[in-house]
């Protein structure tokens, strides 16, 4: 993984304070996935969000400005995974899902919505732990993207 | 896309009968996404499922055997998308989601479950149309995979 | 280039009738670029648009249904250029523009709009011939895409 | 992104002085896009342009020579985006536009101009913010390149 | 190979103490292959396993914490081999086995088990030295993975 | 997959006679994996082995010569999997095993044998079904290759 | 090489009439290299040039129209070499020249002309045979491209 | 570009002394292109050539030995351009010339010389500025390589 | 492998007449390796060599012309191996030799000859079977290429 | 090239003592090619060989241990050439030989030996200078690898 110094600093602070992304998310009022995306340099935050984040992480006042400059900026996204297809087995399963179920999803979306796409920008993502069954735990992932119809002109 | 003659025959029958994947799924008792995966050669069906599918699609008795041979076999999966990253904008958004939110998802999953992966085999996927808001339609995708912890030995 | 039989049939009819994309566009009430995109399998048309297109191209009634089935469907987009970077010098210049001016454009867009993207779906594109100068002709390309701000959740 | 120390120094000065590319462009008498291209190492400047740029950015006299040496030189262009297709969603949309609308643009250009290309060297590019509609902002991009006909010999 | 400082430190300690992976494995109560995977950053260990490992390797108390932080974390797996196919002849033979015997193995597994896969997560691997024959030594590799049947839904 | 007509003919005969690779292997006196490799064009057979194979598959005398010509020849091996890393999830797990456990295996082999490789030519491979546990089936793969020490000269 | 039927037809006619590219070039009034480029689908010809070409090649009147349609069209250029770097040793030397002498040429061009490029569109290329030395023949290649200075705006 | 410290030192000396490659070439008695190739690490020089080069560049006696060691050695050639196809527009035009005119050149060379290649080792290259026309400057490139016929044995 | 119809025809004739490359080579007066290269489309033959080859292979007079046209032409070389690195284990060993011993060979050649290369055009290659040892057979490959010193100019 | 500090240290000592690989080889009792392979990190040496090598290179006693640790270890082989196909013209000729003569060699080897490969591990390689002809020097390369027949099981 291709991780910046800013990300390393924030992750270390998170580890030192023994915080989960869930706890940070609650403190800021944002989803844990979005918080992880922010810390990994895949999203940008408002000044207020920056302050709350740095406070709960216990970053000293004197060091906050340099963090805010990075967190506040529109980042160059998508560069975390330096090899593709990803070599990490967990990440590789998402690639496999796309290979196997990508075209079926495309067909179902067109059948339900017409010609267009699911936005990956006006988009939210949740990860949930399903422990309802005795002998298995399930990872549930909920994606929600605005449907964008193709414009004609 | 790299589509077999079997898939073409089934898609043509579906179009001639003006059926949706949803309707076929209900007739077979399976999800519309799984049905699309089956028709696109990404899953295998039991004899009973094959018969129900071919019946609702109106495939004549005489032609069913050759379809069943293919639908019943364990396919070579994942070859539908011949260029990668996918050039189709709808499919490309799933690639983008992986690039931007892949590592955040990995971290959240490890935080909630420990070292392991979400299975893409003991796995289900739903596509839903959310029309609850007046000014936008949303594509909701629900993935559910069994958590597989890494074995030590 | 990777061209389907449908595209070949429509291009041959266009050539036989000696029509420009501009003329076809006017007859249908759509931009010439969108018409070219439709004929090259990169867009989908309404039934009415299909009928107008096939009429002006002089496709006989008997052959129209098979054309409409393809033109009406949501296509698998983006597969025309089979080698990338494109080997054709005209297409290669667009690749070069992205390499040289891509990051500057990104920075300017963020400076003017904040964190988000220019949509390539809610999007229009025009090609104009500028002959205002005596000793040179210029190709002017006008792109217009909706700004999509990144959602936080 | 692959950014040199010169670029980093200029971007930091720009941030410290809280200047936009637009403001710098006006001070130098050049377009904001060209100024961004210059700062990102994709263009070369005259001595006069260098001086104006360094002055408005507040670079001290003593440090200017080393900046001028770089800004004045013909750079090795096009190396900013180190992964291709670009992983950043905003940049990726330009790639997508080329995949979907590239061949249609090629056909329209040939129809209007004959055999040749749009120059990417005798070329200008503008980014405009269209706020004429109440419920959407649009990114407008205007490219203008000299048409170069293929020479026969 | 792409080796972290943690891995280098552990390998140096192993060399200084003249320990084999087999000896370390016995001390910890784990297989030598799993121990090698752990040291090379491909697995994560419990606190107890970490302590035992660092003790047998003679890592001083004061340095243990930073090792434990890394060994305890769920790593980003699969990044050791930076060129693929691997250039190292020993590793390349595994690639060759996959090319030549991969599809035959797939067919045999489906014949014996039905549609599904061999897990690489609920998985163990042993390397044995077979010296039963006078004129040759053989490398025996024993892989065992849980069969995961494809879920239908 | 990239399958020749010879392979298709043999697979069809196998299916028509409802034979498993195991049954064919027993009839010929060879392992089922080697038989699958032969049928998939990854190995060459003696005249006697060819005759036995064609007999059990019920290939008529008149058609045997053209099969023997192919089965008897030293094939161009390794071309079955046309995309790499393999897109099929079952095959992809072998790739993943190499990424995660490849370097650990290399280190263990060197520790046990010294500098050299496991041959993939003087090599055997078995696939076994382990049903000894009530709640899981396991795929066991046993590879055995001659150790080849690096020659010095 | 990736050769169209049009190219094959023209090359066969050239061979049947035992003509060199040089002889064809003289008959048309164009360089032999341009003629070869035209026949290989890398250039477009005027109606008059088409007629002269087809006449000297002895293409019968009845077959000319279909040739003219292709020769007259602006082709999709650059797709002849399907593998890159080229596997053919003669072509590979041009790739090698670029690797070894490309940057030196770039520096010399900038030193002589300033920031800009040599056009490959307003461009001519000659191949000459130098037999002035007794013990060697030399291939001389003369390229001439218009210098295009980078526009500022 | 991938430039060594030796190259950087020589280029800096060249800039400090305000020398062109042409001037250095004259002083050494070699072509400016060869001199640029030498400085960029693509050629090796005799001791005498090294001394002349270092003298005209004003490298102090004490530093000359380390330069001579590098300039005198047979270098690993061809590694300057780290991305291929080259992203720099000037270099990219040479790639484009190969794509469009490579096969025509091959055919012309075979027609004039028979089966063989133009050497890129027994090879010279000149860059000339043609200002004979009022309204355009042209870059002329003259390559000359020994013809090497294919040996039969 | 990417084999033309000409090659297939010649190989079939060779098999039907039960000839080895060695026998054909003796009949023509050329090395067996060169003969194999010719038949696989990697070399060109004189008219006399063509006649001798077709005679010994028993190609009927009426079919010879079309073979001669191909065998006599300068072929597009190097396209036999369609995947690279080669998937075939025998071919892959040559790739491995280059990876492991390529740089050592380069250094030894420079040490013995100075700056230059071994020609692959003024080049011969032999394959010999060494059976001098009781318990092993060895493949001996003898390559001989003219040394080409780098020209200075 | 990707060269370790160990290799750099040994090459510098070799240059300082003005030794050829041939001289070192004689002193150690090994071939010059193997010595070069060892120094470039592609082979491993016995303790005695290490001592002899370090002695003739004049490495001081105090520094020998760290060299021995590396030279004695089984290295990760094949990583010297970081770009493939190799950009260096001398190395590239070996790649070209494989492309042009690889399949002919495969066929000749199978004709002489049957189904199997030439080992690249039980393998030796010599480079010789042939000066027997007045007007040319030739590079002769002699490879000898054990033939390994494919095992059946």
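Which chain is which? They are A, B, C, D, E, F, G, H, I and J, in the order written, and residues in each are numbered from 1.
By our rule, a residue touches a chain if its C-beta (ideal position, glycine included) is under 8 Å from a C-beta of that chain, and two chains touch if they have at least 3 such contacts.
Here's who's who by UniProt: A, B, C, D, E, F, G, H, I, J = Cyanate hydratase.
Worth saying up front: this structure is predicted, and the values here are computed from it rather than measured.
Hey, how far apart are chain H and chain I in touch steps, shortest way?
Shortest path length, in steps: 1.
Give me the chains shared as neighbours by chain E and chain H.
I, J
Can you check which chain pair, A-F or I-J, has more C-beta pairs in contact?
More contacting C-beta pairs are found at I-J.
Using only Cα atoms to place each chain's centre, name the chain farthest from chain C.
J
Degrees of rotation, nearest 5, to put the Cα trace of chain D on chain H?
Fitting chain D to chain H on C-alpha positions yields an angle of 70 degrees.
Find the pair in D-H, B-E or G-J that has over half of its contact pairs, by residue number, in common with H-I.
Checked against H-I: the matching pair is B-E.
Return the distance between the CA-based centres of chain A and chain D, expressed in whole Å.
Comparing mean C-alpha positions, chain D is 30 Å from chain A.
Provide the C-alpha centroid distance between chain E and chain I, rounded to the nearest whole angstrom.
The mean C-alpha positions of chain E and chain I differ by 42 Å.
CA centre of chain B versus CA centre of chain G: separation in Å?
Each chain's C-alpha centroid was found; their separation is 48 Å.
Of all the residues in chain G, which ones touch at least 2 other chains?
Answer for chain G, listing residues that touch two or more other chains: 1, 33, 76-79, 86-90, 92, 96, 99-100, 106, 110, 116-117, 119-121, 123.
Using the touch rule from the top of the page, what pairs of chains touch, sorted by label?
Touching chain pairs, listed by label, come out as A-B, A-C, A-D, A-E, A-F, B-C, B-D, B-E, B-F, C-D, C-G, C-H, D-G, D-H, E-F, E-I, E-J, F-I, F-J, G-H, G-I, G-J, H-I, H-J, I-J.
Which bits of chain D are touching chain C when the two form their complex?
1, 20-22, 32-33, 36-37, 40, 42, 77-81, 84-86, 88-91, 93-113, 116-120, 122-123, 125, 127, 129-130, 136-147
Please give the residue numbers of chain J that touch chain H in the complex, ascending.
Touch list, chain J to chain H: 1, 15, 83, 86-89, 92.
Which chain F residues qualify as touching chain J in the complex?
Where chain F meets chain J, its residues are 30-31, 33-34, 43-44, 74, 76, 106, 110, 114-117, 119, 121-125, 148-153.
Once bound in the complex, which stretches of chain D touch chain H?
69, 76-79, 120-121
Across the complex, what residues on chain F touch chain A?
85, 87, 89, 92, 96, 99-100
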